[in-house]
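Worksheet: the structure to be examined is printed underneath.
Going by the order they are written in, the chains are A, B, C, D and E; count residues from 1 in each one.
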């Protein structure tokens, strides 16, 4: 009658995150205004506990709650990504929130809830559950995006994100409805059985298309990438960091589950959609970034481009392809988090220093920050011995394994085009004369740790990627 | 048999001298420099004498070859650093070491007041080294080493006064022009290797010996090789059409002109042709080409010499023309005669230059003959020696030049590959030679002084300069007496000595012309008489124009101005080359290759691509217009596109 | 009786009109309303299908949709209020600080 | 033309008119009211489909709470007449055609699907449906779908939190 | 697959490759303003590195045509990527060249680098690591890794310590190269898809034993992809425009390394990958490439002739000389090939010296404009003497190194019956004389035109040391070439032999119409099999 105890383990991470979120909400009112940082540490503790709880989840893997949710290696992997993202983002947010005078407990609570939602997404084995998880993460991120309430840009970003997000969600929902109508169920396994018994009808495929719209919006696949630059630019930078890494990972996870497990047998239909979308995404991201002078926006475009690379691996629609997607998500999370955190740090109070020119001479005034940033940029660029290169390498090889030569060639050329704007930032950091009028704010421990972790991750995944690759492969296998 | 077993000594000595002087000489006093830089050539000559002694004692039929180390080896290609000595080498080496030594001694006096003294001698020694390598090499590639090496030294020494633009230009011109010839030489070597899979003389001569002679009209590989090698020889020995560098080379110090551009280096081409005689004798076409080029050059250069005013320029053109005679000789198969002339020419031409140097020295650097005159009294030694040399070159009886040139003309007229036309050219050349040489003598030493006697204090040169001149003068007289016996029915000991080297070719020539009979002995005298007559005629013309009727020359010049101008301007060949080759090449390189293709086309397209992609980006960013409604529309577009596509897929 | 397909068509029409509204309205609030309209279309589809299959799941889904929609409404209206407060305008086309 | 059919068409037309009204009305309040109209019409349809409970919460939550919230906000911000700016050419020219295309393909898909299913659909209704009893519904909700249910509670929490964070005046 | 597959693992190369990194770390410990010790430390490191590299000569087995000093570890098993190092007759001397030029580069930037000294020398050492790594790595992935990583320090060297339009030059350099190498990456991945390994010897073995044969179209495309990367690096004729800019703006050390080593990577890559992996494509493409090379020889020489910027002139000469190398490679003749390898070394040294001299002139006058100079032989005879010496070696004067290489190449080309090619290529010798002597005249000879030149100091002791060392090497290589070529024989023969074998297998494969890639036991881990057979083969040859 009542679900067994293991089910609680299987949603352990979510439980932990939510509990800590509520804790924060409960304690927050009693914490004096000056001490709100403690809430952040509480949140950080939450993420650590959540990470630890993954262990139990791992020990009793399996499907939970009448198979609405699956805690398999795949889900674990994605959990790992999103929770670590949250942890690092929290570390990176402290100083920022202080500078912006918005140091409040709700921020951390929302972050935790959002992460929980992503976790649900990662494990969902049923469309409506996925929908609810999606909403959890989306709604909290809508709010986070608008967290700098007095800032017009922040409002605008939040508003656009909200309107377009719920618009896309509506499509997603209608897709669910149609799928339900076509297969009498919303559970992935049932759908795939239905598909294996008889071919996909128009209704089902229409549903799939609408689902693709909804999820494509979250993974910023062209032409649904359209909102990304504005939202990323307007949102508080640490939030942007999260947006670029966490929800994207979760959305890709659920997309994999839906397309690869549920609708796997219709891959010949959705493959081309992914192919075209991948090409568009890469090209739009890279070309538009060429002319950006605002680093934050530039990174937003670059995140579009990277979504494109991930889609290349996605298009492979093979086990290795899935593994490649997962590995790419991990490495991309590491480097983009680091990059955005540095943007947050350099941006200073009110995010005033976002232009490339503001980075001039960083190499001399702040060698270590510059070195880190260069590392992340080079990794985004795909320089060997960094996470970015291995990600691309794996993705391309997966795609080539399915003989997607042209797709890979396009992707490869794109990555060179991308090199230009990443190098442009490096140029300004090292080759331009430093502008004197700026005294860098001190680098506090939390941010330092955050950068250290991301940098370490970037290098680790670049030089000794094998363990993570094995995990990714195992997760891919665990999908069915 | 020390030297014969250690041939390297002969080339090592000058090299040692050069290195020593170059590295240490900078801070040495003059005496020390003299000691090292003159001492080593003297030693070299000494060892050469020893070599000759040993050689005659041994008197080997085949060349003595000493293989020292492998220089290049890759795949089936292999070149050894091997030296060899045979009769030809003995002769050449003699000329090189002996004349070289004398000129070194002379230079001690001549260069006394130049700065860069040590540099001069270092480079001279280096030249000796490379020249000896050239003549002693046992394979083509090593020959090429010496070949290029002497070219380098000539470059260095011509531009010795490098602060003078003309000198620098001349050096560069010399090197590059010869390089053009060497291009042919290189390909010739490549082709030789391709044909014989070897480059050392022994092998290739052995292999070529049993190849058929190639016809005059359908050429084979050998002919091509010979012509390519000939290109190299033309460049080095300043024959038509690559002679243009030699006159300019007179920018160098006079001893350099004497040693390099008269006695030794420029004769390398002749030496090479003689050395490769088995090839040329297998290719009548090539041989004829050699002869024609030689004869034409002989006449051509002589005519130019007629109108020159610079004393050294006259000598330069006369050198070109004399080299022409040598080529003519080789071309008609009279290699021995060619080498013979080479030797005698080395003596008297070196002497001429040294004497000219002495004149210039006396005149305090003046080189224009029209600003000289009447030096006879003031510098008697110079005058005497120079007169001897002049007699020798213009073929006065019993002087060295007489015999050698006579032999050449004889072979051209009655030799085994006789050709009357070539003989005619040669004889005409001889006439003009006598004419311009005596013109030189008269203008320089006779008549009234045409210079300000108070400003210029003419003085005889020091002993150290005079002595070598005297020695050379002596040799210019007796140097040709080897062949004296032939006129009394005796045998030509020089030819006999060189026989082993050219035997094959001569024999082959005999086969080619079975019907050929030795010309009657009386012919010798007739030819000699003609030669002497021609020389005399030339002398008389000069006498008439420059002594008896001093202003006749001017009249003549004004009378036939165009021709005079033509000769004075050396047939405008330099201008021609400048206008036809150099100018266009530079224009092409700058305005087409660089500005248009490199910067415009290639780089332009690259940058254009970058620009284009930025424009595309600029266009794409306008997709993000900031208006939420358009964003929504994009989403709808995407949705419709995807769904329509999907539904169409399952239709 | 009424064929289910009628209901589905109706839901599609409502959904489509919602899309049209979303694209064409300028007032942020009404734009949001058209999202609600779309959701209503979805709900109708769910109910109709569950009716067709004699299943309750569809109804449960509707339940969830409504709840989520309510939550969204709360947050959305809050966002709209902030924007309106700071911008003194509800016209979505005035909100274009972020572009290019 | 049975009664059911009559009711369906009545409500259907009402709903569509409401939707169109929502789009055409320039006063936000009118739009809101027309949306309420749509909802009510749908509620009736739900009843027609035998989903009493859903119809109930449709009225209560939707037409009741949510729309009231809307109207409340409209009043609060006293949103005036909508100004018809047309800054987005894209939306202006591409919007309508796209929507039409979308509807057409929906219709197409339906026809394709239901060409096969009409019999079944009729049968479905003919077989006399088990009335969707609230008990059965809640049974499903609290057993099979308990997880999403709990999640929605978190969701509501988030919503509250968000509304708090965003809307409350600066201290 | 463990290291045991490779007999007696050697760690020399690993040490050699990563030793400079220790120097870098040591540098980072030093204080930034302690310039003296920073320089000394770098110099010491690079010299030790050079001495270490000399040990390679001792252990090197002349008779063995395959790879030596091999080291093999698993690295990324899930992608069949291994850490596989090893050298043969081709890479041996390139490694030596690298380790030899680096100290010179350090010395020549002793005074001229005054800003960010620490970073500069750190970059230099990192660069050295990258270069040595490229020459030593036998795993395609590893190779590509070094290949790309090496770009970054070079990019910084040009961008930070360069002059003029340095940023433009740096960007151009790196983008050009990346664009080239990215397609090579795709090709590498495709090769992996077919061969299931990145291990070069294994792939070579499979190809030459018919266990793997590529369809013609695939082979051609992959060949082109690899070739593009290398041709840009060399640079081959139409792809050369990055070079003059990069050289002109780079600091002296940068130019020396760039010309001395980086360009060689292109030709090295052709020898190491294009020929053995895609022999038939190489054969069919040879005419085109050779013609491009010859065009490069003549064209670049002509363009160099009329440059008014000394460094740019030297840069163009590189294009011309590398044309010879490419030509020598693509006639598939042992003589030409060894000549080509030898010419790589020669060009490295001679052009290195030329750039060093340019740098020394720049240190004195802060310009490369030729018309700013003239008559320098008076104030600085020694410097000019070495300048002339370098020119002579570069214009292939016999008994200097340049001649040996060029002559071998020409002999080989001619011997392979490509008469026209040889003839045209030989014109390069004339033109090189033209532009070099002309340049020398305008710089060193004639009257002093700019009076401030009259007071310029002659070569300092440090500069003399640099120049003398380099010149001695030039002379030595010009006279004792067999010492080098003997060590290449086995490798070149093995390479050509392997090309023949592969080509024949491919021909057979084509005849049997089995155009799809077929690998023995491709399904389950062809790699294992290949590695085993490789190791067997190794055991066979003592």
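A few remarks follow.
Everything that follows uses one rule, which is that contacts are C-beta pairs under 8 Å (C-beta built on N, C-alpha and C of every residue); 3 or more make two chains touch, one makes a residue touch a chain.
This is a predicted model, so every value here is computed, not measured.
Both subunit B and subunit E are touched by A. A simple rule picks the central chain: find each chain's mean C-alpha point, then take the one closest to the mean of all protein C-alpha atoms, which gives E.
Ranked by separation of Cα centres from subunit C, the top chain is B.
Chains C-D form the pair joined by the most contacting C-beta pairs.
Ranked by how far their CA centres sit from the centre of subunit E, the chains are topped by D. As a whole-number value, the distance joining the C-alpha centres of subunit A and subunit C reads 26 Å.
Subunit A and subunit D, compared by their mean Cα positions, are separated by 31 Å.
With centres taken as mean Cα positions, subunit E sits 42 Å from subunit A. For this pair, subunit A with subunit B, the centres built from the Cα atoms lie 79 Å apart. Residues of subunit A found to touch two or more other chains are 128, 132, 135, 139, 142-143, 146, 149-150, 158-160, 163, 167, 178, 181, 201-202, 205-206, 229-230, 420. Contacts with at least two other chains are made by residues 621, 624-629, 632-634, 636-637, 639, 643, 647 of subunit B. Residue numbers of subunit D whose C-beta contacts span two or more other chains: 87-88, 91, 95, 98-99, 102, 105-106, 108-110, 113, 145, 148, 152, 155, 158-159, 162, 166.
Pairs of chains meeting the touch criterion: A-B, A-C, A-D, A-E, B-C, B-D, B-E, C-D. Subunit C contributes residues 8, 11, 15, 18, 22, 28, 31-32, 35, 38-39, 41-42, 45-46, 48-49, 52-53, 55, 57-58, 60-61, 64-65, 68, 71-72, 75-76, 79-80, 82-83, 86-87, 92, 95-99 to its touches with subunit A in the complex. Touching subunit A in their complex are the following residues of subunit E: 75-79, 116, 141, 144-149, 152, 155-156, 159-160, 166-167, 170-171, 174-175, 178-179, 182-183, 185-186, 189-190, 192-193. Against subunit C, in their complex, subunit D makes its touches with residues 2, 4-5, 8, 12, 15-16, 19-20, 22-23, 25, 28, 31-32, 35, 38-39, 42, 45-46, 48-51, 53-54, 57-58, 61-62, 65-66, 69-70, 73-74, 76-77, 79, 82-85, 87-88, 91, 95-96, 98-99, 102-103, 106-107, 110-111, 113-114, 117-118, 120-122, 124-127, 129-130, 132, 136-137, 140-141, 145, 148-149, 152, 155-156, 158-160, 162-163, 166-167.
The residues of subunit D lying in touch with subunit B in their complex are 87-91, 94-95, 98-99, 101-102, 105, 108-109.
On subunit B, the positions that touch subunit E within their shared complex are 69-77, 141, 144-145, 148-149, 152, 155, 159, 162-165, 168-169, 172, 175-176, 179-180, 182-183, 186-187, 190-191, 193-194, 585-586, 588-590, 593-594, 597-598, 602-603, 606.
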